[in-house]
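Next up is a structure, given as structure tokens.
Chain naming follows the written order as A, B and C, and within any one chain the residues start at number 1.
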């Protein structure tokens, strides 16, 4: 007796209902796919279309003539400087957010969940005030005649007010305040997901608490940290209000140049080309981050 | 029931259609930059002017020349007249966005030449002035921009605008250029002068509110600031004074959008807006601005304190430089970039 | 041989809940001791006290005569296998196993050798470079074991290490664990709630209940000589039949009961006869008619390797008996038929409710 195995694709002669069942399967798949349509349409209309328009527009001059001058202009010193400043500020703010935010997230992750949830309100609190209000509040605190300098001078600690604002320092302080929750939230979530048993296992292997933190907890929290860092850095690249108000005119960021191109020169093409460059650079950074941390699900834990 | 409803709808549509036709006949649409300023300008200038012409006035707001450009390019602008900053008027005129002003209808005798063009005309003025803290300088305050640039004689923290308009002008004045030789701007000399004062500029302000706050809080001792903002600071009781000496007069303007269906009415509206009679309302109703038409001071009778305060009273106007919008229209972007490059260095 | 553990008077309470109530226990060097008990009994708490993860209120633990309780966890030099393995997800198999050695400053070459040896021992050497995410449950279990023994700890702790595996793999791993222990001879403290696992693996079992050790003994002592009803109930498939204690002695369902050990009555407690179903006979010689029970068959179920026969005692208690298919002798009883059961005297166990 010989037995042949049917190829999975070819059905034996008598295969009752095979066609009907296949059609049913195909119909179900189509129905499922159609569920994504509204979302896809929305993304197309509010994301793909405007970005395409942005690209298109960036190749036209102020008077509507097709040109590459919008891109050529970016080689001018002021744009190069702005570009460098943007990354410098974003890098500094991100670094400060990491240094300030990591311990906070760590503390919250160690606390009982209820208490942590309560304290989290204070982390999120800044979200509930407008950026403009927060920025002006920093002016009140930081300027020469502000609260901090007044205290320090009155206490005799300094004789001249410190230059805390209208410079890079002021911009970084103001932006860190705005950005900190964006670092803490994903970081906290990923730290919560780290099973405390790993720290016990490390201790059991002979690791001091410091070693266990450095060699086990820290690496395990990196995906969350990367998500936070990526988020903060990319959001910083597009910052406008805070650097404009706290930088004293000295700190020029890319987004401020975009705004100038529209509101001062009325040159949408030039503004679009700046936007395109920022978009591309942001994309490259996100891609690099993804590669660097090999996280399948950016923003989640492993 | 169904039938009567249908008839009702048709009737409603017809009524709407009728009313739009009616609007087209005697309504003019004027688009401005919005906010408190447009409100005040409407009350002071636009509304009374429209009444004189005998048309209804509809107000709209835009966010700059780009919006006006879009309206004109559409072929059938929804606005008849736009109120803009003078540089935008000059740029728009160069682009051919406006109808020429009919100067046989619009009497521009009292309006300085720099404050009008072939296609546009100034409506209101403001001044950039030198202001200082009296608690810092007491009886020996800086008198003009030369003193602003003199850091040995007048030490102290200074503030200027982050935008080059008017700042370039005052830098040349500070560097010793006579008022009548400011234009065309010597940008090289101007930037050199700004580079010189840069170490003493604590803040480059980017909004009017910020500029007022800086002086009010004593964050700076001396500042180039819009005269319209100073009034509020002084009214708040801050120890601050200012001078019109060497001030730079800038202005707002109106232009008629190319393709408007109501060209004749629009010309008449513009004529009335800049007429001495209506311009004379500015010194009392909008004390922080000045009229564009000098003849306003011949028509109106003002008490001395109003005259002393107004930037366009003959005595004050004589001390100042009138900004040349056409120069800025040509050089805006390059100058802005060089200026920004310098101050962010 | 090192590894003698003396646990003395360990107390630990969480508020009013007493997790460990004055626990004392000696563990001999090289012994495989199992802490067996239901969840919440305190067995895991005791293990965590040993590991240093739970700080008791009072007590003492010495290992080879040295006080141990005051040492922080990382200085205790204990190997531990965690319930869910706790392999570090950011390290490869080899780095996981080598981690304790790295912390001890062992040279790289030596680490490599010992990691290989440890992985060889658990038959995982071929997967040394894998990430732990790529391993199956059983493989993780072996790696966790290798990590716990690679630095030759004086004591090995295991916290329900097989509970996450399926039944077949669990039984296989039990035998492997036993072989490994025979080979290494490391003193081992093992926590489980699975009585069969405890019986299979242990030299001695400590049955834990309510924060106390209910009974400590070898597997057969625990199984055949349970000291109280709790232990008897927890170990094996156990049925309890009520025993009457009259002037004429003990009786079961009206018939006199002959027992192996004399019933030493404590005032007021009732004796229960512990019935292990596999000890009930319904065939063979009537060696001791005194311990006969007249029951009724209420069900017979064919289960492949055996029959499950359900019998009902005179008071209505039902007991499931397992009967092999090919045992010579009496016929398989039919449903509804009466059946006579015997319990040999040496298999009678009496317990009381009292601990």
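Some points to look at:
As a working rule, contacts are C-beta pairs under 8 Å (C-beta built on N, C-alpha and C of every residue); 3 or more make two chains touch, one makes a residue touch a chain.
For clarity, every value in this text was computed on a predicted model and none was experimentally measured.
Distance from the centre of subunit C peaks at B, each centre being the average of the chain's Cα atoms. Put simply, the chain closest to the centre of the protein, by Cα centroids, is A. In whole angstrom, the spacing between the mean C-alpha positions of subunit B and subunit C is 91. Our note on geometry: subunit A versus subunit B, Cα centroid distance of 40 Å, whole angstroms. Mean C-alpha positions place subunit A and subunit C at a centre distance of 53 Å. Shared interface positions of subunit B, defined as residues touching 2 or more other chains, are absent. Subunit B meets subunit A in the complex at residues 63-66, 69, 88, 91, 95, 157, 162-163, 202-207, 210, 213, 217-219, 332-333, 336-338, 340-341, 343-345.
In the complex of the two chains, the subunit C residues touching subunit A come out as 51-53, 72-80, 82, 84, 86-90, 99-100, 103-104, 133, 147-148, 151. Taken together, the subunit A residues at the contact with subunit C in this complex read 195, 197-198, 200-209, 211-212, 215-216, 219-220, 302.
Subunit A makes touch with subunit B in their complex at residues 63, 76-79, 81-82, 85, 139, 143-145, 166, 244-245, 248-252, 260, 262-268, 270.
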